[in-house]
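Each structure below is given as structure tokens.
First subunit A sits with subunit B, and in the next complex the same chain sits with subunit C.
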Partner chain A sequence: MSQPFHIVVCGSIVPDPLQMLEPVTGAAGPALKNEMMLPAVLDPWAAHALFEAAHLAAKHAGSKVWLVSLGPKAKLQQVMLTVAQKVPFELVALDGPASGFCDSLATAQVLADAVAGIPALNRDRLLLFGGWESASRGAGSTMQIVAERLGISEQFQGVDQLTVREDGSMEILERVEGGRHLVSVCSAPPAAFGWATGHLPEPRNNPQVGMTNMKTIMPALQRAKASAVAADGLRFAAVNVPKLQRQTRVVKDMPPEEIARELVAWIREK
Partner chain B sequence: MEKILFLVHTDGGPLSKGALQALGAASGLGGELVVGLAGVSTQAAADSIATCGAARFLAVDGEAFAQPRYATDAAAAEALCRVSEATVVIAPSTSRWARALPGVAARLHGAVDTHVTSLGADLSATRWFYRQRMEGTLTRTQRPWMLLLEADCAAAWNGAAGSATAEQVPMAAVPTRTTVQGLQDSKTDEQTIRPEANLLFVAGAGWTKKQADGAIHTDQAEQLILGFLRASQASLGGSKSLVDLSGEGQAVLRCMSHLNQVGQTGSTPRHPKGLSTCCHGEEPHVVGWRFINDRRAVNMDANCGWARGKADVVYVADAFAVMAIVNRMLGG
Partner chain C sequence: MPVAASEKQKDDLQALPGDEVRQVMWRFAGRYDLQMLVQSAREVARGPVARLVAQGARADHGWTPAKNELLKAYDESGITGVFMDPEQGGFIEGPKNLALALVAFELAWVDAGAATGSLAGCLALAPIHERGTAEQQQTYLSRCAPAQPGEARLPWRGAFCLTEPIPYVGVDTGQLGGKVRIVDWPEGGEPVLQVEKRGRFITNMGFANFVTAAVESDDPRIKGTLMVILEEGDPGTFDRGTPTRKLVHQLSSTCDPVFNLRVPASRIIGGYDVRDGVIVPHYNHSEVIEAVFRRTRVTVGIMTSAKLLSAVEPVIRYQRSRFRGGAATGPGSPRYDLGLQMKEDVVHRLVDVWATGEASASLGFEAARLFDRLDPMERLRDRVLAERGVGGGMAALRARKQINKDALAFLCGERPELADDVVVQTALLDSIANVLCPACKLWNTGVGSRMMREAVSLMGGYGITEDCPGFLGYKWMDSQLEATYEGPEAVQRRQLGVTMTDDLFLMQFRGWIRELRRVANDHPGTGACALATAMQMWMWTLEHLRESKDADGAALYHSSRQGVTFALADALCWLLASRAQIQDVLELARMGPENPALADGLPGLVSFLTDLCHVQSAHAAGEVGRICAELVFGYNRHPRWGEQDCAACYSATELEAWESLIPGIDGAARGLTDVVENDGSHQQKAGPCARYEGLEPFQRMRTRMDGCLTGSRLAKDRAADALTTVMIPEAADYPR
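Let's look at the complex of A and B:
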């Protein structure tokens, strides 16, 4: 008989990928221009982690999923209205910055404290999930540090597949160089998983799941603790958007034979 | 003066290009250089960089360090950092170090920065934020500071081999519940991701759309793409819209998986040249292009995000027709 898992997903919000982003520098360092006005979404890789967590929990009776999310409370509330309709989870909200310029060490400390503080969390059955990188900081370092702070020494990054075997051990596929996967087996929880895309499509909106989730999400947002994320000794000298615009040569009305000849010559150039 | 540890894992053979580039960057910083090696047998690698000017060579040898695994890799790196008393740690950005070093930084109460693209002589680091959409230059006072350097961002160290005397760092057995089984190729039928390739071939969703005759030709598209990859030895990238099609029940290219995805939520590979075909996208998705030096596109729409202002040349043409001839000319 399979044992239940306690799955904690760490994931925050990022600006909608289709928004134009512009950096500004303030007293506290770099930030995004009009950051609070930008529409936000759940970080894509963290979203994959959440969907994988719900999928896994559904297959193992008694399992439970928490989403620990650090971000400005008002933005979290907006994003949760959508995310709540996807899969069942309990939110642990932390009111703080979700900027890509925040340090991963400081962020990880706040997240680790929040995970450790979840009542009724069975640390022996803990699977710590998150995106392997965020679409903001893109550091790929936060989850490892959260796991270290929680004393988890079995860690996997760039995870595309997690299969629980009959004996309770877990087979994990991690992305490595050359488009290949590293296959590992972890005998038991606790373990940490930084998810890549996995294989699950985004779940359809389910209003019933949304209504159930919102019963706990709104109180969680109301009691969200203000969390300072301070990085000692980190200083940004500059943050810039690359301005390089190429002078594109647009070739129209050239026969395919001629285009092909030009391309082949270009490909063969050293 | 900073004490700089160049950290590398080895499979017993010569060091990779990325590792030599990280060594080049580390040795150019001007501090006291220490080399730290981890692997099943490190002597050959140590000898291959014996003349790099390192004051010490430290090694963690053993079967446990042959395979990539967080617990053992982190333990080896931690031991090397502690013995070297390094203030700055430079490592190549491999999947192995990217997995392990952030945790090591936490253990040592240090700091870590990944995906570093340049290192200044004043020890300033440059990296990208918001999925390669803006570039920041930063410095830190916290030590030890670990920096994972991306490939092709520094000149490789290019010195003579010699004979290095590596000090073995004693390691107790590392407790772990993880067993490495090995490597698995992607689920596509053919290996299409070649990080060392001269050319990145980006296929867009247009390959799976209705063509001039009103029909979809995914089989033909797949043959053309695979034929081109075989003939040119290019690496294959896909736009998000194309790799997402499989999840939406639409016609798909079997040679394409999420591992091929480039752009906002995919990878941003580094190749000297890039050729995009049938791609259409907004600027944020085109970040998959960012580290491609010489870019061309074959597209029916000259104004799409992958072309105007982003590519050096855009051919307004039917990619099916063009690529069939290209393949014939390349002998594919």
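Let's look at the complex of A and C:
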């Protein structure tokens, strides 16, 4: 018989990627222009992790999902109106910055403290989920540090699939070069998973699920403690928007080997 | 990297109003159930609905499998269940008018046909919801609720069938052609009815499982008219008919059905009594549809508002990028960055579109909220009146007279204790609802449709292509249907012609004028002063017309004199919309600071929206001035160059004689009044100038109102300027 999991997903909000994202220098360092006014969404990588968590929890009776989210309370509330309709979870809200310009070490410290403080959490059954990447910043280190702070040594990054086997061990597919996966087996929780995209589609909004979730989300938002994210010693030398570059050349009947050679040469140049 | 906004820039419009802004303005910031509904409906609208439109599904007026998939999306997203209470399978507690309005807004932002299709199911249920028996309500609302997880059931769909008389599309509710008679009445048992009905332009008919139909008795054993529920499994003919070849709203199913069915009398909506062997329905069809339409029409008005507001972003994007494909236009040049927005005209016209959209949305949501307040009060009032033993007929009329008298006394401050009297308070609210509902339907769709044409024109030739971002061309065409269905403009004007003269409404209207003066004092940039003066002018004109006769001695304010009543109804709508807009912006200014997410951009946003209020109030004042002046002066006959009309003219002979006594009078008189020369000739014009005896107050008001427009064009300039700098998303967010 399968044992229940306690799955904690760390994920915050990012500006809707369709918006005009223009870096500016504010009083507290780099920021995005009008960031607070832009519509926000749950970071897509974290969202994949949340959907995978809910899917896993649904298959293992008694499992529970928490979403630990650090961001400005008012923006978190807006995003939760959509996210809460997707899957069942309990929110742990932390009122603080969600900017891509926050230090990953300091952010991880705040998140780890919040996870450790979840009252009913069974850390022996803990699966720590999060995004391998982030739409606001690809530091790639936050989830690793959170796990380390929580004493979780079994860590997997770029995860596309997690299968719980009959004996309770977990088979994990991690992305590696060339579109292939590294297959690992983890005997039991606790373990940490930085999700890539997974395989699940985004669930449709279901207001019935939303109404149930919001009964705990609204109090969680009201309880959200102000969480300062330290920025000691952090200095940004430059901030740039990724540049679009398009160089088109029309060539007919080029052999595949020649195309490959050109691509390799181009990559080496970069 | 540029430096973040300076203090000055913070007073500028930084981004388009987002959800947090609308939640405050339209008063659902404290309702997370509605906020979730908005997100849910938006996902359907900008996802499957938008994809269908982009794929060309509107080119087919039939109900295709792809369109049918939308029903599933409505069910899963909660759109279908929005009409039901939680115990019936819904998820929203309490009245649903604002909820339905928000769904309509979100769907119509992309395609109003989808909005119509989703709401038509609610329209079918509305007669049952408003007037059905408890059993009917439980049965049909539960059947129509989407299946819960683990339930293997398809929800029922309904259609509402009123069309009469055949063969035309539309309805004169007073002339029913559908018939009902008794075919079997077992001793002590339930009568069986034979119902014959044909419909035109019946929405949802392509897939409806049941129909709520209006019919008239064709049997002396049934009294009057009634509404009845027909099911597809009933014995007889349930023919869905041919799809209507409509040009618009193609994402809703519309057919011309034929029914000839046997149904038990228990399907009569609201139930019936048997008196002296005659079936007497508890409600005739007019009583049922009156309760239904006064609510559902608001959502139709909101659809056109959504379209206007949805046009802003694509038009700005088009204007700015208009010249970017040109070889001679490089980044950094004004032509590249601003495109068409270098020209004042295009941004001014977009300001007009946006201001109209804001005003119409404000009016629509105000009406929806008002019905949410009214719904529980009406039920309580009915209970109280029943306890007081007030029945129908003459007793009800007498009671109503007394209630109105009490309500007027309360408004005059004579009976403050009536503040807690639900009967009186309902009467007061009802008198406003009776005006706001037709006003919203009439103005939002009528003026909205004209402004939608303006939005399309701002996209140039692109506007009338299928590829136009925001589907603006489709939206323009669709708005013509919104102005027509659920009671065309003439019906709304007729209703307004009656309800706007209700003493309770007029007394409250006078209070609004005083309130607007206070607003103008505290927030001078809103245009509230111009609006208050225009409202005064409208009041004066109404009173004048109700007491005046035309040049032939015929009464001016009369139900058959639609040249007067309809025009005055139109004028009133402009005022109500502008007032609602100002109230919403004041609410944002008051409550916005409570939301930290709004802190950065709030001053700029409020300042911009205030300018839009000013622009709109000037438009409203202008319209009211024009209409009132036409009505006040237009029914007097212009004087002619004849003996009678020239009695007040000077003759040249007279002036020559007086010149010797009062030097200069000849010249002065010729500048001030009409003079007939010795040979009978006169100035080349229609006749002696008209005189205004008794109309001087109107003239003074008109002059004052013109002066009140001071600053409105400066506001328009500021708003137009803001449109050239406001940040918009990089790309449209639909189709997703």
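Operating definition for what follows: the second predicted complex is superposed on the first by the 241 of 270 C-alpha atoms of A that agree within 3 Å, B and C clash if a C-alpha of one lies under 4 Å from a C-alpha of the other, contacts with A are read in each partner's own complex, and residues count from 1 in each chain.
Please note the rule applied: a contact is a pair of C-beta atoms (placed from the backbone, for glycine too) under 8 Å apart; a residue touches a chain by one contact, two chains touch by 3 or more.
Everything numeric in this text was worked out from a predicted model, so none of it was measured.
In the superposed model, A:Val251 makes contact with subunit B only, not with subunit C.
By the touch criterion defined above, A:Val185 lies against subunit B but remains apart from subunit C after alignment on the C-alpha atoms of chain A.
Once chain A of one complex is fitted onto chain A of the other, the partner contacts of A:Val24 are limited to subunit C, with no touch recorded for subunit B. In the superposition on chain A, A:Ala147 makes contact with subunit B only, not with subunit C. Residue contacts after overlaying the shared chain place A:Gly210 against subunit C, while subunit B stays out of touching range. Contacts of A:Val239 after superposition: both subunit B and subunit C are touched. In the superposition on chain A, contact of A:Leu263 is made with subunit B only, not with subunit C.
By the document's definition of touching, of the two partners only subunit C reaches A:Ala84; subunit B does not. More residues of subunit A are in touch with B than with the other of subunit B and subunit C.
In the superposition on chain A, A:Asn122 contacts neither subunit B nor subunit C.
According to the touch criterion, the shared surface of subunit A, contacted by subunit B in one complex and subunit C in the other, consists of residues 18-20, 23, 30, 238-240. Those residues of subunit A lying in contact with subunit C across their complex are 16, 18-20, 22-27, 30-31, 33-34, 36-39, 72-75, 78, 81-82, 84-85, 204-208, 210-211, 214, 218, 238-240.
Here subunit B touches subunit A in the complex through residues 68-71, 74, 94-96, 98-103, 105-107, 111-115, 124, 128-142, 175-186, 191-195, 199, 232, 247-248, 258-261, 264-265, 273, 275, 282-285, 290, 294-296, 298, 302, 307-318, 321-323, 325-326, 328-330, going by the rule given at the top. Subunit A meets subunit B in the complex at residues 14-15, 17-21, 23, 30, 32, 44-45, 100-101, 103-105, 108, 135-142, 144-145, 147-149, 153-158, 160, 171, 173-188, 191, 196-197, 199, 201-202, 232-242, 245-254, 256-257, 259-264, 266-267.
Interface residues of subunit C, counted against subunit A in their complex, comprise 1-5, 14-15, 18-20, 32-33, 35-40, 43, 73, 76-78, 81, 91, 148, 595-601, 727-733.
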